[in-house]
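Order as written gives the chain letters A, B, C and D; numbering starts at 1 within each chain.
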Amino acid sequence: MTSIKVLEKPKLKDPILIVGLPGIGNIGRVAVGYLIEELKAKKFAELYSEHFFPFVVLHNESEIKLLKNYFYYWKAKKSGQRDLIFLTGDCQSQSTEGHYSVVEKIIEFVEKLGVKEIFTIGGLATGEVEEEPIAYACVTDEKLIRKYKKYDLDFNLGRKVGYIVGAAGLILGIGAEKKMKGVCILGETSGFPIVTDPKAAEVVLKILTKILKVKVDMSKLEKRVKEMERFIKKIETLQRKAVMEMLKQEKPEPEKEKLRYIG
Amino acid sequence: MTSIKVLEKPKLKDPILIVGLPGIGNIGRVAVGYLIEELKAKKFAELYSEHFFPFVVLHNESEIKLLKNYFYYWKAKKSGQRDLIFLTGDCQSQSTEGHYSVVEKIIEFVEKLGVKEIFTIGGLATGEVEEEPIAYACVTDEKLIRKYKKYDLDFNLGRKVGYIVGAAGLILGIGAEKKMKGVCILGETSGFPIVTDPKAAEVVLKILTKILKVKVDMSKLEKRVKEMERFIKKIETLQRKAVMEMLKQEKPEPEKEKLRYIG
Amino acid sequence: MTSIKVLEKPKLKDPILIVGLPGIGNIGRVAVGYLIEELKAKKFAELYSEHFFPFVVLHNESEIKLLKNYFYYWKAKKSGQRDLIFLTGDCQSQSTEGHYSVVEKIIEFVEKLGVKEIFTIGGLATGEVEEEPIAYACVTDEKLIRKYKKYDLDFNLGRKVGYIVGAAGLILGIGAEKKMKGVCILGETSGFPIVTDPKAAEVVLKILTKILKVKVDMSKLEKRVKEMERFIKKIETLQRKAVMEMLKQEKPEPEKEKLRYIG
Amino acid sequence: MTSIKVLEKPKLKDPILIVGLPGIGNIGRVAVGYLIEELKAKKFAELYSEHFFPFVVLHNESEIKLLKNYFYYWKAKKSGQRDLIFLTGDCQSQSTEGHYSVVEKIIEFVEKLGVKEIFTIGGLATGEVEEEPIAYACVTDEKLIRKYKKYDLDFNLGRKVGYIVGAAGLILGIGAEKKMKGVCILGETSGFPIVTDPKAAEVVLKILTKILKVKVDMSKLEKRVKEMERFIKKIETLQRKAVMEMLKQEKPEPEKEKLRYIG
């Protein structure tokens, strides 16, 4: 089961969903996390799933928390702006089949909230340190390119890569089945084992805030990203350790003693 | 889904279930297969499952068949005998979690047919060629030992092994939850990669026919087992090949070309 | 979940299902793809599944698409012909257990459309470059051999192989449970890592069009197959890369730092 | 399916759930097992699951038992005490996704019994032999630290580790979703391949009995733990062997003969 606990039922008008989950360089996660803080968006729902890793993490030294994804909302303050829903979280599905079922649950949930447009944020690993990273984009419908090409987005993504793994892609793909329009924005990043890439996140954030017509003070970004990094790094390290432990449990070393078996 | 197709609804009186599925030395399968033939038991139901290997086999050169388990029945001919249900088949679940769900389905099905007693047949791999193999047994309730100790069964199985993997054990364990009494009979076999062990099957069959009070001509056993072996060997080889193919598909060799990825 | 979106509800009279999904040499896929184009068959339903790879692909550089299977229909134009349903797609299930559940969904869907006969097309990897590849066939019921032996089909498939992995076999096996008659036609191909084998596809197509009594201009086959190849190759490469990435995520390298754990 | 068989419906007043399942050093299991014996708690429910290993174990040489978790209850004898429910068992889920579904079932079950507080017991592997092991703790809500800091518990667990794998953590995490308050107590142990660590169990037991205001004679602990060890060791060895067998079955050695395949 994948279960969503609703903390509050916000009334939203034609909201846009903005998704930033953990991934390459954690660009989506830190960009969306920063937006949530700067806009003072409010948490209204939490999701957890059997498809997440089977462990709890300790916050503040001794407080147990399930791994979760979180939904926040923000209401438009002035004309030209739109109500926003943010989706961020500690992790994505740990199994390949789980991705579809978690994403189905997310789409079903936001459909009821009136979402007809989605932006997902991620990273494009180039294998090189990019001095001036740019942002790529792809869409659920080619007509959307016309609408967004005025922003600083490179739509020739297919020449670089041909697919998007995990939630950033599946949310748009399954959303499109429900007639939701979607744009995926990917910040260029080295893909080297760095935990967060604030530079690429900044490039993406500048474009996203222009599209959403919201003003966000970027000056604290690098500092805040470094703060977020501690927690993100912790969960990543824990996941890696947990996977190792689980693998050790699943594939124990052969015993010396003679093996008798029946069946 | 695990699905059972009923070909005929036999009226049976207090039937005993006898289970012989593929396993070590295929002792259960050939013993039960031989009983089915000699008693001319009638097939009345077929089971297939998503937990079996995802391929079909060719019978008689060009006829496609799903992998299945089969139910047969035989009605008592004289007093002292009991109506019998036989369960045999091409394979067991290919995944660890599938075992429980296939066995649950089997128990649910035979419970409706009035089964309150079960015998499962298997092999005990000793790692040595046994000149005069014996038969071990274990039970769902220690009181049953008293009833069956007069037969040539060694009930000190726990000194040899401590568990039974797969359907031969789980059918009894889950059956016991439904108050079914169960006995597992295991023929001693080397466990070397032999496909079928007719000698161990014969030891088990002699005991089983005594318990069931049925007369079976044993003279054709070795010949029939050799005939069955051809088909059993084919499926085993195919399963091994299929697993290899599936593993190859799942774990492809890294490509030389540089890997760019996004998400 | 495996979900089928119906775009149009065609009224079909006793239609035959023709299945060509990705596989060895992509023979089924390119043969059926060519038939769909040449007959101008119309797409009427799309299937996607949690059992497919959890990523989206980019079409035309920047348009996101879920991995899908597609249903097309074609109505008979003259007497002797039959209404046809084609099933083709981007991929098959990526997990062993998923195959059964995707195929069950397909059979359930086409049963409602009145399908009682199925042809599946695949490849037989011989390990050798075949100058003049032939086509093998197997059936769900041996009586069908009489009907189809007049076509250029070798029914001694069992001597070459003994099983059919994946959808080409399971669709017939599970279809047979619903009393559907089925024939599997396999074009001989080397099985070397070639993406598409137009020669083997042509052999199969010639036989299939004779059986179906449809006329198809074969002259464009090689050219069209080369065009299709680009897209097929892209998805295959992507799947391979995606699997590698997922494996990397699932089995991270051990860290140097001391491992403390609890539970 | 995960199924709970209720043997008796005890009437309990505001009971506390105490969980000790197999894990590092089996500290939870032996501590809770000893409490159950000393308090003469009564078994009232049994749980088994498709997520456990697919085999049965032999008790007393020849009696077949499914792998299970067990629920016991104990009613308060004097003022200041509380009714208690104990959860212990043979094993935890063998797959990562199974953990969530087994724990959901447990929480659902104990919620109906009125549970609003939970203690889970486990081990913290330090990698060193601890002469005087201490006990760490973490909580579902930081306010609980105030209540429990008077006991000999170190709440700076986050400095040692950052997560809890398996049931000990998930039961608290998912319990918290149902507003249950939870404390996890972890005894320091080497984590070397020892089966049971009575010393660490004793440290935890002393604290737990103080919290629960129950008196337990500790003098038999070491002796009883050694007795329990035999059975625990047996199941652990069997699980290890069973996993090896299953892995062997799943990943057979390549055959020499040429591989032909089709699909």
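The definition used in the following text is that a contact is a pair of C-beta atoms (placed from the backbone, for glycine too) under 8 Å apart; a residue touches a chain by one contact, two chains touch by 3 or more.
This structure is a prediction, so every number in the text was calculated from the model and none was measured.
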| item | value |
| --- | --- |
| Furthest chain, CA centroid comparison against chain C | D |
| Angle of the C-alpha superposing rotation, chain B to chain D, to the nearest 5 degrees | 90 |
| Chain C against chain A, contact positions shared by both copies (same if over half, else different) | different |
| Geometric centre distance via CA averages, chain C-chain A, whole Å | 34 |
| Chain C and chain D: spacing of chain centres that average the CA atoms, whole Å | 48 |
| Per-residue multi-chain contacts in chain A, two or more chains | 94, 161, 163-166, 169, 237, 241, 245, 259, 261 |
| Chain C residues within the chain A interface of the complex | 1, 3, 5, 48-66, 94-95, 98, 234, 237-238, 241-242, 245-246, 250-252, 254-255, 259, 261 |
| Chain B contact footprint on chain C (complex, rising order) | 93-94, 96-97, 99-101, 104, 137-142, 145, 155-159, 161-166, 169-170, 172-174, 176-177, 182, 184, 237, 240-241, 243-245, 247 |
